[in-house]
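Next come two complexes, and both contain subunit A; in the first it sits with subunit B, in the second with subunit C.
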Partner chain A sequence: MSFIKPNFRHPGHKPNALGFLPSDYEGLLSTLCAGCGHDSIGAGIIQACFELNIEPHRLAKLSGIGCSSKTPAYFLGNSHGFNSVHGRMPSVATGANLANRDLIYLGVSGDGDTASIGMGQFVHLVRRNLNMTYIVMNNGCYGLTKGQDSATADKGSKSKSGNANVFQNIDLAGLAIELGAGFVARSFSGDKTQLVPLIKAALNHPGFALIDVISPCVTFNNNPGSTKSYDYVRQHLEATATVDFVPPADVIEVNYEDGAEVDVTMHNGSQLRLRKLQPGWNPYQKDAAVRALHEASTAGEVLTGLIYVNEVQEDLHVMLNTCERPLNQLTERELLPPLQALDAINASLR
Partner chain B sequence: MQAHPVINDFVVRFANVNGTGSASANNMFAKAIFRMGIPVTPKNIFPSNIQGLPTWYEVRICEKGYLGRREGIDIMVCVNAQTMKNDIAALPSGSYFMYDSTKALHQEHIREDLHYLGIPLTAITQREYSDPRQRLLFKNIIYIGALSALIQLDMDILKEIIVEQFQGKEKLIAPNHQALELGNQYARENFECPLQFRLEHRELLGDKILYEGNAACALGAIYGGATVAAWYPITPSTSVVDAFADYAAQFRVDGETGKNHYAILQAEDELSALGVVIGAMWNGARAFTATSGPGLSLMQEFLGLAYFAEVPAVLIDVQRTGPSTGMPTRTQQSDLLSAAYASHGDTKHVLLFPSTPAECFDMTRSAFDLAEQLQTPVMVMSDLDLGMNDHLSEPLQIKSETKFLRGKVLTAQQLEDIERFGRYLDVDGDGICYRTLPGTHPTRGMYFTRGSSKDEYASYTERSDAYRQNMDRLAKKWETIKSYVPSPQTYQADYCSREGMAFFGTSCHSALEARDELNNSGLTLDVIRIRAFPFHAEVVDFMEAHDRVFIVEQNRDGQMRSLLINELGIDPQRLISILNYDGLPITAKNILQQVLSSAGHQAATTASLPGVSS
Partner chain C sequence: MSPPTITSGLRTQGKFGKVAHYSSGYIFVDFYQIAEILRSTDIQHPEYFHKVIDCQYACPAHTPVPEYIRLIAAGRYTEAYMVNWESNVFPGILGRTCDRPCEPACRRGRIEEEPVAICRLKRVAADNKGDVRRHMPRGPFPPNGKKIALVGAGPSSLTVARDLAPLGYAIHLYDEQGLGGGMMRSQIPSFRLPAEVLDEEVGYVLDMGIHTHFRQYVNSLKSLMEAGYDAIFVGTGAPRGKDLPDLPGRWDAKAKIHIGIEWLANVAFEHTHAIGKKVIVVGGGNTAMDCCRTSRRLGGETVSVVVRSPFDEMKASPWEKEDALHEGIPIYDCHVPKSFVVENGLLKGMYFEKVEASYVGGRRKLLPTGEPDVFFEADDVLLAIGQENSFPWIERDLGIEFNQWQLPVLNETTFQSTQPRVFFGGDAAFGPKNVITAVAQGHQAAISIDLFCQGKDPNDRLVPTTQRIPQKMGIHEWAYDSYVVDDLRYEVPQEDKAITLKDRKVEVELGFDRETAFREAQRCLNCDVQTVFTLNKCIECDACVDICPTSCISFVPDGDEADLRTRLSAPADNLTQDLYVAGPLPTTRVMVKDEDVCLHCGLCAERCPTAAWDMQKYLYQVTKAGSCKHIL
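Our next item is the complex of A and B:
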C-alpha cells in the first residue's frame, strides 16, 4: 500500500480545453484499502470532470460519513468539499444548492449512508428533484466498522463472517424511479467504460441524477457467497445498453441499427447514446425500467447502465420560483425593504 | 350595593370553544383597549387541537403598565358549556360571570358570592340571523358589544376595528356592527352599567405597538437578509415561517421577473431543516430555521457539526413545555441547557433572550450578523408566550444605512494577496478564522469542511496536538464571543442592595412588577435582565456584586441558574431559584411569594425591613 502519492504523471497527458491537466482534478492520496472499488469510482469522477472541462472551483462535492464519504478528499482537490454527518448530506446539499444555483453539486454517499441512516433524507432529496449528481458507492456492507451487512445487501448474500443476510435488500435505483427521479443509472466500479459516460451524463442532467455503483469491498465483502464481490458482479453483469456521452459541441455521427439505439438529448444539447442490449427495456418508460430491474434481480443479475431518464422535469429552483441570480449574491439593495416600510408596519400594529 | 370603581386595573377571561371564531372577537377586544391608550396584555391559553376543545383568552388591563400575567379573574365571559363548572369554581369572590342565558344555569353553577351577567346569546342570534355560521360567529361579537356597555369599552373604536378588519369584504361590516349594538343594547337594558371594573381613556402608550413575537422574528429575518428558510412544522414556532412567507411575498419578489429573492423549504424533519440552513450558510446565503423543543432535540447532531466545522446558522427556538411532547401549547423556558450545550463532545452555543416583540425583531436581525461574524450557530430563545401572543412593545426600528456584517469571508482578490490560506488559522488572535465560499477563486481558497478533527489548513488529522490546538482556539473564540453578544439590561444606576434578582425573556415583566412590589414593602433588590449566553462581563459583575441573587425562570430545574454556576463558578448557595413551570406565564405574585419565603431570606433581611412581616 502506498503512503506517498507520486508526482509522476504520464507525459502524454494533454490539458483539456480549459488548460487543466488530469492531475488538476485529483485529490489527496486515498487511505482506503488497496483495490477498493471506491477508488475506481473516484478515478471515474476525475476523468469525467476533466473531459467535461469543468472548472474545479465551480463544483462543490458533498458527502456523509463512511468509507464512501471519505472519497471526496481523494478527488477534485481544487473544489470545495463538505464531509457532513452520517446520512445527512442530502439536506446540506439542498441548502448549498438553494444558496447558489450556479455551481455543480456532486454528492457521494454509501449504502449505509443512503439506504439506512440517511434514507429519510435521500427519499426527500429525490422528491425535491435537487439539481445534483448523487453517486452511491454501494458495497453492501459497513466497511469502517468491519463488515456488517447494510440495507442493500441481497437477501442470502454471505458476508466474510459466512452468515447469510436474512433481510430483504433495498434497491436504491428502483426506489429512486418510484420516487420520481429523472435520471437513474447503475454501474460497476470495475467498468470504467460504462461508468465515466454515465457520470458525465448525470452531471449534465438538469435535476436529480442517481448513479448506484456496485463497488466491492475487498476487505469485508469480496468472498464467495457475496453478491457484491468482484467475481459475482462480473459474472452477473447485465447491461441495459452500452453508453456513449456526446458533448454538445461534438458532431454526432448517427449509425442506426434498427431499433437498437436510443439517443437521449440532455438539456444543454449534449447527447447520451445508448445501444440497447435488453429487449423490452425503454429508458423513457418508468414501468418498463422498473420491470427490467425486477426481472434482473429475480434472475440474480445486476442490471447496469442508464435505467431510466426523464430530462423534462422541474428542479427545486423552478418549483420554488427562485430568481436566476444565486441567492448568496443578493445584497442589501435587493434584500432590505424600503425604509418607509417599517413605519407602515409599525402603523399597522397600532 | 355598588363597590367603589376599579379603573383600568382588572383581568377579563374568555372561555371559548376552539374553532368557533372567538379569536378574532377577543383580539378585537384587546386591540380596542390598546387604542384607548391603556396598557393591555392578552394571552391565549389554547389546546393542542383544531376544533372542539376548550380555549381561553385572558386579558390583563393595567394602568401601571405591568405586562405580566396576573392571577385572579375579575370578569369571566363563559361561552363554553364544557368548562363552565370549572370556570365558575376558579373565580374569586366578588367577580363577574357572563354566560349564555338562553338556557337557565344549573343549580350547581350558582354561587352566592358572584355577580351573574346572563345574556341570551343563542336566542339573540337565532332571532337575528338565519345562517348557522353567522349564528355561531356573532355570539362572540355580541358579548363584546355587551362588554362595551359594561366596562366602557369604546364603541367607536370597536366599530373602527371592524371596518379595518373587513376591508375588501365590506358587506360584512354592517352585520358585525349590528351584533355589537345588539350586545350593547342588551347590557344597557338589563344591567346597571358600567360595572365596578371599567375602562377610562388614557394616553399611556406613546408610539408603542401590539405585535406577536413570532411575526417580529420573521420580520427580523427579512431585515437580517435571510434568503433561505428551512423548517418542519411544530407548535409554537410555525407562525414564524408563516409570517416570513407573508413578508417575503410582500418585500422579496422581483418586480420585473416575478421571481423570488428567497426560498422557503418545508423539510422532512428538523434534522434536515438545520442541514439545509447549514448548507446554505456554508455557501454564503443567510438562512434560518424556526423550531421548538422536540425539534431542537433532533438538531443536536447538526449543531455539533456547525460548532466544530464553524459554519454559521440561525435558529429561532420558540420554547414550549417539555420534556418530550410535554404540553405543546403551553409556555416554558426549558430548552436552555439543551441549547447551550447542544450535541456530544465539548460544545457551547450562542443564545439570545428576547423579552419583547421589538427585541425579537432586533435579535433575529442581528443573529445573522453574529452567526456570520462568529462562524457558529446563534439561537434566538423565544417562547410560546412571547411568540404566539400579542405584546405591547416599543416600535420596530432600524438604522437607515443597514449593512450586513458578513464577518471574515475572503474575496478572490484577498486570496490573491495572501501566501497560503488556512481555514482554521487564527490570523487575528481572536479565535475567529477566515473562511471562503465555494466558487470564489479558480485555484485558491479551496478547503474541505468536515466534522472530524482537522489541522489549521483543514486537513484531516488524528494528531493530539493539532486536535487540542483547535479545541483551545475554539475556547478562545468563545471568550471573544462574550464581547459580541448583547449586554444585559440593568434597571438601576448604582447597586443599592446586597441582594439582586436576575431574569430573562418573558419572565421580565412579572419580575419587574415583583421588584416594585418588594420595594414597596421595603425590600430593595437590584435587578438585571440577561440577554445573551455566553454571559456578558456586566452579568459577571452583577453576580459578583451581590451576596445573593434570585434567578427567575420558567422551568423546574433552574436551568439558567445551572448555566450561571457552571460558567461563572458561582457558589450555588448564592443563587436562589424562583421557578414557575406549570405551563402558564409566571406572575408577579408567584415571584413575590417565593422571594419572601425563600430559605434564609427572612433571617437575612427582615431585621432591616420593617415593612415585611414574617
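Our next item is the complex of A and C:
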C-alpha cells in the first residue's frame, strides 16, 4: 500500500539560486484519480516556482471547491494556503491581497468553481485587475459529482454516458479579455513545455493573469466524442506561438527580421519570447486575439498559448492608490492620527 | 507499435537480426539490431531486467537476492535458505565470509549512504532455517554409468559434486586433508566461520553419496586419467603463498617467518597453537587480516599489519580492515619491506622503507619519501602478500596446455582445458578470486562436464530461466512491500572483545536477530520488481512523470542514447545503468526511463490510469546442469 511518497529524491538534482531543491516545492501525495490532468498542472506549478526561485513562504495559494481546488494540497507544501467556499475564492484573494500586497497570489480553480457558482465573483475579480495568477483547471465536467457537463463543456461534446451537451459553452479566455484582463492564456495539462513558461510569465505579470488549462478528467470526460479528452485536445491543438520565458539575467536583445518573433518585456525585466504560429494573431490587440479565439472555436480547434497581453495595465492597488507598505503591516501610529491631525481635519470642515 | 515477442532459443536467421552467441552463455537474437529497428528497448532480452537487479547481476552466481530478502522479511527462513542453496550452495558460509560483490552494486547505495546488508541477511536465513534437508535432492540417485573425479574438496569441486550427483554421476572427491571444505576450512579462521557451519554445509553435499578420498594427495593427473574417469575436474585452488625469498635475512630466521596461508592452515588443523608476543603481518589482503586477528588470539600482544599500498587501496574488504582495527591492530600503510633483522639467529624485527603513491597515466607508482627506514620489532613475521596457483602434480605431456604464468589454457565459458576430459574451476582456473566466484565457476563447469559426458558440445550453453509475474493486487496494493523505508543500514552486533580475543573459536559476529533482520530486509528496494511499460496503452497524461519520486521517467522527442541522456527529467550520468526506451508514442515522443535510481516503489503504476505501467517480478535463474532447458 503506498499512500505515502518515498522520501528519496534523485541525488543529481541541483538546488535553485535560493538553495532549495525541487522537493522543497512539493506537497502531499495526490488523492485525485490516477492520470488526472490536474496533477500535471500541479507539477507544472512546482517546476515554475522552483525555476523562478520563489521563496515558498512568499506565495499564497487560494482555491474554492472541487477537484481542482483540492490540488493546492499537492503542491507548494511550504506556502500559505486558503481553501475557501465554493466559487468565493476571488473574495478571499481580494481581501488577502489588499491586506498584504507583498505576497505572490496563486488562485487555483475549476470550471465549475469559476464559470458556474463562482462566475459572479470571477468577473469582478477580472474587472478589478487584482494582482494574482488565476489558473482554471478546466475539464468541462463536474468530476467530483460524477461528471455532469459543466459551463465550459463545448456544445455537442459527448459525456461518458453518450449524451451531447446542448448548451452554449462559456469561453473563459474570451470573457477575461472582454472584461479587461491584462494577461490571458490557454494551455493543456499534457503539454508542460508550453504550460510551465506560461505559469512563470503569469506569476511575473503585475496584474490579473488568467491561464485556462484544459485538463482532461480521466474518469468522466476522457471518452470518444468529448472535446476535453486527451486524444481530442492533442489532435485539435493549435498554438498561437511557442512560448519561452526568459529571466532578466538571461535577456539579450535580438531582432528578428521576419516579425514572427514577439518579445514581451515584463515589469521586472524578464521576457516572454513568443514565436508566432498563427499569421493573423497579435498578442497586443484585443480584436485580433478575440478573433483568433472565435476562428479556432468555429474550426473545432483548441487555441493555446498566450492569447492576449497588456503588461502595463494598472492593478487594483494602483487604482485605489493604496500605500506601498502592506496594510497588515501598518501599526497604530500610522492608522490612528494624533489629536492635532484630527483637529486639522475638523478645522478644514468648519 | 509494440515490440514483437521473441521466443528465446530462436536459432535461424531472423527477421530482425542474426542469431548471436553471447559470452555469458545464452543465445539470442542480436539485440542491437532489433533496438535500431524498433526504437524500443528489448525487454524480452533475458539480460535487460537482470541488469536492473544490480545485486543479482553483480553476484558471480547470480543469486536472486531480492527474492530471498523478501522471504527473510516474511519469516520464511527455510525457503530463503533454499533459494540461496540452489544458487550458491553455501549460504551459511557465504553469509559470513562472502566478498559481497553484490553490496557495492546495491541500488540503495546510490540513493543513500549504505547498501543493504545483503551478506549478513543471508546468514539470518541460515541461522533461523528449519529442516532444509527435505527440500534437497536425496539419494540414492539412479546411476547414469558415468564416473567423475574431482581434485580438491573446496567450494568449486563441492559445487560440481552437488550439481552432478543427483544426475546419477558417480563422484569421486580427492583431497589431501581429512575433511572437506578446502580453503574455506584451512584459510578462514573459526572466529569468522565456525567449524559447525562449515561441516553442516559441506555435509549436505557429501551426503549425496559422494565417494570421498580424503587424506589422499593426488600426485599425478596422469594416473588419475588412467583410472577410467569420464571427466576430471581440477579444483585445487591457489595453494602456494607468495614469499619474499630475496629479502635480506629471510633465510636466517626461517622458523619465525611464516607464509600466511600455510600458518593459517596449521592453526586450523591444530598444528600451531601459539605465536610470539610481537607480530608483524606483511600484506594488505583479507589473508593478512585473518593472520593478524588470529595472531591476537594465539598470544600476539603487539600485532601490526604493514602494507605497501595506501590504506584505501588495500585489497582487504573494508569491513575486514575495520574488524582488525577494532581488535587493536594498527595498519601501517605505504611501508615497503626492506630487510629482516636477525641477531644471533634470533629474529628481532624488520626494516621498512616509507613510500608514497604517485599516479601516472592511471598507473600507480610507489616512490620512496626519502625518510629514514622504519624498524618494527617482531618475534614472528607472517607473510600474507598473495598466493598463486601451482600444478606440480600435472604432467605436462597430457595435452593440457599451460600459458606463460603456468596457468592452464581454458575455454572461458566451458572451463574445459585443451585436454577435453579435464576441466578446471575456482582459483585453479584463473587465479585467486573468492568463494562465490568458485561456486559460480563450479556450476558452469558442471554444465560442461554433463554435456561432455552426454556426447554433446560443451559450448552449447543453456538459456537462463526467466519469469515475469505481475504484482498487482488492487488499486494501491502490490504483492510485494512497495513502501520505501528511510532506515539506515543496521550494524551487526559483535561478541565482547574480551571474550573473542581469548579463544580463536568464538565467533565474533553474532548475526542479526530476527527483528533487526526484518528491518534491514525492509531496506531492500525490490529491484527485481520491474517497471514494465506497454506502449499502446499509454495516453501520455504525464501522471508517472509527475509522481516519480526520483524523476526517472521522461517523455521527450526521440534521439540517440547520448543525446537522450542530456534531455531527461533528471541528470542521467550513470552510464552503467540503462535507459529503458519505448516509442514512438502518438505525439511522436518516446518514453525514456533511466533505471539508475528507480526506487521500484510502484507509484508510476499506481498513478497510471490505463495500466500502461505494470510492476512485474522478474525471476532470473542461471540454468543448472541437467536441466531440460537445453536449446537444441
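Note that the second predicted complex is superposed on the first by the 332 of 350 C-alpha atoms of A that agree within 3 Å, B and C clash if a C-alpha of one lies under 4 Å from a C-alpha of the other, contacts with A are read in each partner's own complex, and residues count from 1 in each chain.
Heads up, the rule we're going with is that contacts are C-beta pairs under 8 Å (C-beta built on N, C-alpha and C of every residue); 3 or more make two chains touch, one makes a residue touch a chain.
For clarity, every value in this text was computed on a predicted model and none was experimentally measured.
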Contacts of A:R58 with subunit B and subunit C, given as first, second, both or neither: first
Touched partner set for A:K5, first subunit B, second subunit C, both or neither: second
Partner chain in contact with A:N346 - subunit B first, subunit C second, else both or neither: first
First (subunit B), second (subunit C), both or neither touched by A:K192: second
Subunit B versus subunit C as contact partner of A:H13, first or second or both or neither: second
First, second, both or neither for A:C36, with subunit B first and subunit C second: second
Comparing the two partners subunit B and subunit C, which touches a greater set of residues in subunit A: B
Residue ranges of subunit B touching subunit A (in the complex, touch as defined): 34-35, 207-211, 219, 222-223, 225, 227-228, 230, 250-252, 254, 257-265, 267-269, 271-285, 287, 301-302, 305, 395-398, 400, 402-404, 436-443, 446-452, 460
Partner subunit B, residues of subunit A touching it in the complex: 55-58, 60, 62, 72-73, 77-85, 88, 90-100, 102-103, 120-121, 123-124, 128, 316-317, 320-324, 326-328, 330, 332, 334-337, 339, 341-342, 345-346, 349-350
Contact footprint of subunit A on subunit C as seen in their complex: 110-112, 476-478, 482-484, 486, 539-543, 545-547, 549-552, 569-571, 573, 586-587, 597, 599, 601-603, 606-610
Interface residues, subunit A side, partner subunit C - complex: 1-13, 22, 29-30, 33-37, 39-40, 42-43, 189-190, 192, 216, 218-219, 222, 230-231, 234
